[in-house]
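Structures given as structure tokens follow.
There are two complexes below, and they share subunit A, which is joined by subunit B in the first and by subunit C in the second.
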Partner chain A sequence: MFGLITRRLLTAIPTLLVIILASFFLMRLAPGGPFDGERPLDPATQAALQQAYGLDRPLWDQAWLYVSRLVQGDFGPSLVYRDFTVSELIAQGLPISLMLGGLAIVMALAIGVTAGLFAAVRAGKAADKVIMMLATVATALPTFVTGPALALLFGLWLGLLPVSGTGDGVAWLIMPVVALALPVSGAIAKLTRAGLASVLKQDHIRTARARGLSETKILFKHGLRPALVPVASYLGPAAAGLLTGAVVVETVFGLPGLGRYFVQGALNRDYPLVLGVVTLYAALIILFNLFADLIYGWLDPRMREG
Partner chain B sequence: MLTRHFPLVIVLVIVALALLLPWLMPWTYDQIDWDAVRAPAFSGSHIFGTDEIGRDRLARLAAGTRITLMVAIAAALVSLIVGIAWGATAGWVGGRVDEVMMRIVDGLYALPFMFIVILLMVVFGRSILLVFVGIGLVEWLTMARVVRGQVMALKQRPFILAAEAAGTPPITILWKHILPNIAGVALAYLMLTVPQVVMVESFLSFLGLGVQEPLTSLGILVKEGADDMDMTPLGLLLPGAVLVVLLVCLTVEGERLRDRFS
Partner chain C sequence: MSLYEIRDLAVDIAGNRLVDKVSLAVDAGQCTAIIGASGSGKSLTCLTPFGLTPGVASGLIRLDGIDLASADVGQLSDARRKLAGFVFQQPLTALTPHLTVGAQLQEATMQAGSARPTRAELVRQLERVGLSRPDERLDQFPHRLSGGERQRVMIAAAIAHGPRLLIADEPTSALDASLRAEIMTLLDQLRAEQGLAMLLVSHDLASVEGHADQLVVMDKGRVVESGPAADIIANPAEEYTRRLIAATPRLDEPAPELSQPGDILLGTRDVAVEFQRPGWRRGRISAVVDASITVRQGESLALVGGSGSGKSTLGRAIAGIGPVTQGKILWQASALPQRRNRTLEMRRSIQPVFQDPVASLDPQWTVIDIVTEPLRNLRPDLDRAECNDSARQALSDVDLPEEFLTRMPASLSGGQAQRVAIARAMIASPQLLVLDEATSALDPLVGAEILALLARLQRENGLSLLFITHDIAAARRLCHRIAVMDDGCIVETGDIQAVIDHPRHPATQRLVAAS
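Here is the complex of A and B:
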């Protein structure tokens, strides 16, 4: 297992480097710069600013400088939020994004696995068909439709939940997390249902039945674990989906998370901010894929590598 | 047919409406009716009323649906071409080449791709052409994997081996014997790619990075509706409902097709 972890972490380094460099040069191809405001600055000021942030140097020099600072944990200054470093902005935004994403995946797993289990036990019956239809609908619900629709229903019409911003307590989290979790829970329900249906047909389940074990014991002890293997391999893409979904949810509900900084930063040409957020997202996704692989190995011992 | 393929029928009805409505209606999607700004539904010639600057909602809905579907089909075709080319090459050549090509696909799967697309949109100024090239380039990965698997399986089949033994050039084998055999599966995944692309396009448009005014798309309409929902909920609910119905129906039909071929 440690072999797997170290190998994956080592291959993560070149992957991250490629992502950082690709984003770096993409950003620089963009027309416009971070200091374009409503009123054009006079050329001397513009040049001074460029020089102060090292933007007048050759691109490769800047790229090298950025990476070598990054290795030391320095994300550089934000070019638009002048009094902040990128690290400070990330420190503000990351907890909110992580909380949204983390709660959403827990909720999606809880709903999805339960629904899938229920449907598989009643395979072919009406309950199965209804649950699977709901799951299909759920997977097709884009966050940017459910988010505003939930806000309209529970926020504006019923007045039960806050429409935007973070407040005291947890009420502000409910709608963003539900909007994020719905499509993922639908996909997990389908995967659980399909996995369990095929596992329940296998020999070891028949053996367990022949030994006279109770249905619940067969289901939870022998059926569920191998059935969750496809769910585990879906967790990586799901995490990436949740991170992009979080961008929308943060915009819709006015939450000061990382996603908003990313979109704003890209529009404002705030190079270090965008690079910092992309790097962080990439690292998170790589970490989560590794984590999903470990769960995968735990669920299916045949998949464990030396 | 009608009941079994009910979702497909709904999609076709939506497509037909999106294409025909502009000819049947007195208003175009960008025309401002100065006498009826924020008109409620069923007022005069505006069936669903007008938006905050007096443009007919139904006309905008039809125009938005048209653009969204157009982008979706174009991007899905881009993903089909790239995916088949990549997957067929990897599956046919096999060995080292296959391993490297599939490693690249695995690697790309793990990337925060949406963010690269967002960067692309910002960089190259949001042209509609770029919207679908960008999305198509993201969505080809699954297609490549599926096609590779199919080609690898076909390669062992007697009729392919016979063609090879007869000295048929590989290009001819790929074109005449392999492609027709993977067409069904490719079609199923093409159909599943379309809702994916619709989702990505609307997502980008929602963030203001996709299709630009005065053109409109379902994503833009949802965004406009969300910004204005405390005044007129219809602005959000109409395009939102069309989008969700399209996505659900396309997914259901696509999955059915996929299950038939696998």
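Here is the complex of A and C:
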């Protein structure tokens, strides 16, 4: 197992490097620059700024400089939020994004696995069909529809929850987390049901039944773990997506998370900010896929053999 | 009164009566065997009364004085938990993959309400079924064990709670010949020690001979014949039973007439195959070590060995569908390159046939597409009509009517599917067929037909065969010579009758003794 972790972490280094360089050059291909405002700056100021941030040097030089600073943990200065470094901006946004994403994963898992279990046990019956239909709807609805709809219903009409910004307590978290978790929980419900349906047909379930075990025990002790393998493989990318892809939800509910800096950075051509966030996202995705692989090994020990 | 008794049992699934008028009885310490081809209803007969199939059982079913026919789900579950133990066919899949051997054995021990067993007790249970290094095994997951070891664990779990009746549904069908004999001996021994009643299901008469006291022969959901096993085997009253007995290859049957072989067609020189260890571990595994064999024109060579001996890997290397790490494969004295460098002519000359006939046919294709595929790839000079003509001829060569050309694989029986697979292999007029356990997955009756078909094809076409099998008696019906593999090495070669009469290597002796 430690072999796998070391190997995956070592292969992560070239992967990250490729992602960083690709983003670096792609971003420079986009027209415009960080200092193009409503009113053009005079050429002398423009040139001075370019020189101060090293933007006048050859591209390869800049790329090399960026990577060598990154290795020392320096994400560089923000070109637009002039008083902040990228590290400071990330430190502000990341906790909110992590909290949103983490809670959404937990909620999606709880709802999805429970609903999937319930449907699988009642396969073919009305309850199964209703749950699967709801799961399809939940998966199909984009967050930019559910987010405002939730805000309208619970925030404006019923006045139960705050519609925007952070606040004391946890009330402000509820709607963004639900909006984020809904589509993922639908997908997890479908995967859990399909996984269980195939596992419950397998020989080892008949062996458990031959032992006269209760159906509950058969389901939880012998059936559930292998049935969750597809869920785990979905969860790696999904978790990374939840932690990072909360852009829409953060915008809808006006939360100062990482996603907002990402979008603003891209619009402003704030090169170091965008690169910093991209690097972080890529690292998280690699990390979550590694977690998913470790979870496979626990769910089904045969996977440890490859 | 017998411990377990069934009278006039009927099993229905979705309104279809699949088993009818079956009666049998098992006494404590005795073994009753149900024998029949697949689809004869033998598994339904033994599992449905306990609620382990989707079927509904009716009739008189009595276990230890309890009426199972009128029992509800809870009572059936009680009967399974306390009175019965079950061993299933597939040791690969019958154990829960994510629970250790110890956890499953503990669950089985406690199923009838016993206290949590100590580790020493669990070790003793594994010792009782003859598993080596039992202490270590308790912490292992099932996939780390071999097929024979898993079946021993399965048996240990089936008797851990002290049942009165052991139901073994084809306990040895998925194992190779020498393991079969070991597992049957173990079951006999446990039956005697514990006074267990045993209901044994098998498609293979040879594997129950000498173990079963009573025999029930089934066909198409009905009993053909039943009575004391020794009497039925010695004097079968019914035609079906006689065919079943004759179909099972035996070492003491008269030697077959075989054609005279010609020049050397294929040879391997010190072929070795290595694989990267799977998964998270380092290192390489040697599957085949310096194997040298020869096959002559018109000759059948049996490549025999237990599971994991490397016989299939060597066969795949020869057919060019598996890797070769070292060594040479010679075809008529010139070196045969790796698959991608082989000419169409070379590819045409060697054709494979696999073990699982249904899995080796594309389920989305019609038989005509399947059978003509080799021609479309290997004979670009033929047009569509010529291909179709050849397909008709190929089907008639394997004794299938022309109507089969438009069928889909799902509508074929195992024997028909294997005939289609042989037609596919034969259509390009090969000189060598590599038959990888081509009869092992089939019922004895069907397997015997396929063996006869292969013998005829060889005789008529001067074909060479590489017959890969674990069944030395089946090989003897078809083959001139034998090469025995053990642990990746060829340990013994020679004329098949001479090797059977005087086996020198322990692996050969085991295989001969098990037949």
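The rule is simple: the second predicted complex is superposed on the first by the 299 of 306 C-alpha atoms of A that agree within 3 Å, B and C clash if a C-alpha of one lies under 4 Å from a C-alpha of the other, contacts with A are read in each partner's own complex, and residues count from 1 in each chain.
Throughout what follows, a residue touches a chain if its C-beta (ideal position, glycine included) is under 8 Å from a C-beta of that chain, and two chains touch if they have at least 3 such contacts.
Keep in mind that this is a model prediction, so the values were computed, not measured.
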item	value
Overlay on subunit A: subunit C relative to subunit B, clash or fit	clash
Touching partner for A:Leu299 - first (subunit B), second (subunit C), both, neither	second
Partner chain in contact with A:Leu16 - subunit B first, subunit C second, else both or neither	neither
First, second, both or neither for A:Leu243, with subunit B first and subunit C second	first
Partner chain in contact with A:Asp203 - subunit B first, subunit C second, else both or neither	second
Contacts of A:Ala63 with subunit B and subunit C, given as first, second, both or neither	neither
Touched subunit A residues, subunit B compared with subunit C	B
Partner chain in contact with A:Ala149 - subunit B first, subunit C second, else both or neither	first
Partner chain in contact with A:Ala282 - subunit B first, subunit C second, else both or neither	first
Sites on subunit C touched by subunit A in the complex	50-52, 77-82, 84-86, 88, 90, 93-99, 107-108, 111, 141, 143, 154, 157, 278-282
List of subunit B residues in touch with subunit A within their complex	107, 109-116, 118-120, 122-125, 195, 199, 202-203, 206-207, 209, 219, 222-223, 225-226, 229-230, 233, 236-237, 240, 243-244, 247-248, 251-252, 255
In the complex with subunit B, residue positions of subunit A that touch it	15, 19, 22-23, 26-27, 29-31, 136-137, 139-142, 144-145, 147-149, 151-152, 156, 236-237, 240, 243-244, 247-248, 251-252, 262-263, 266-267, 274, 277-278, 281-282, 285-286, 289
Residues of subunit A that touch subunit C when the two form their complex	1, 3-4, 202-204, 206-214, 221-222, 225-226, 298-306
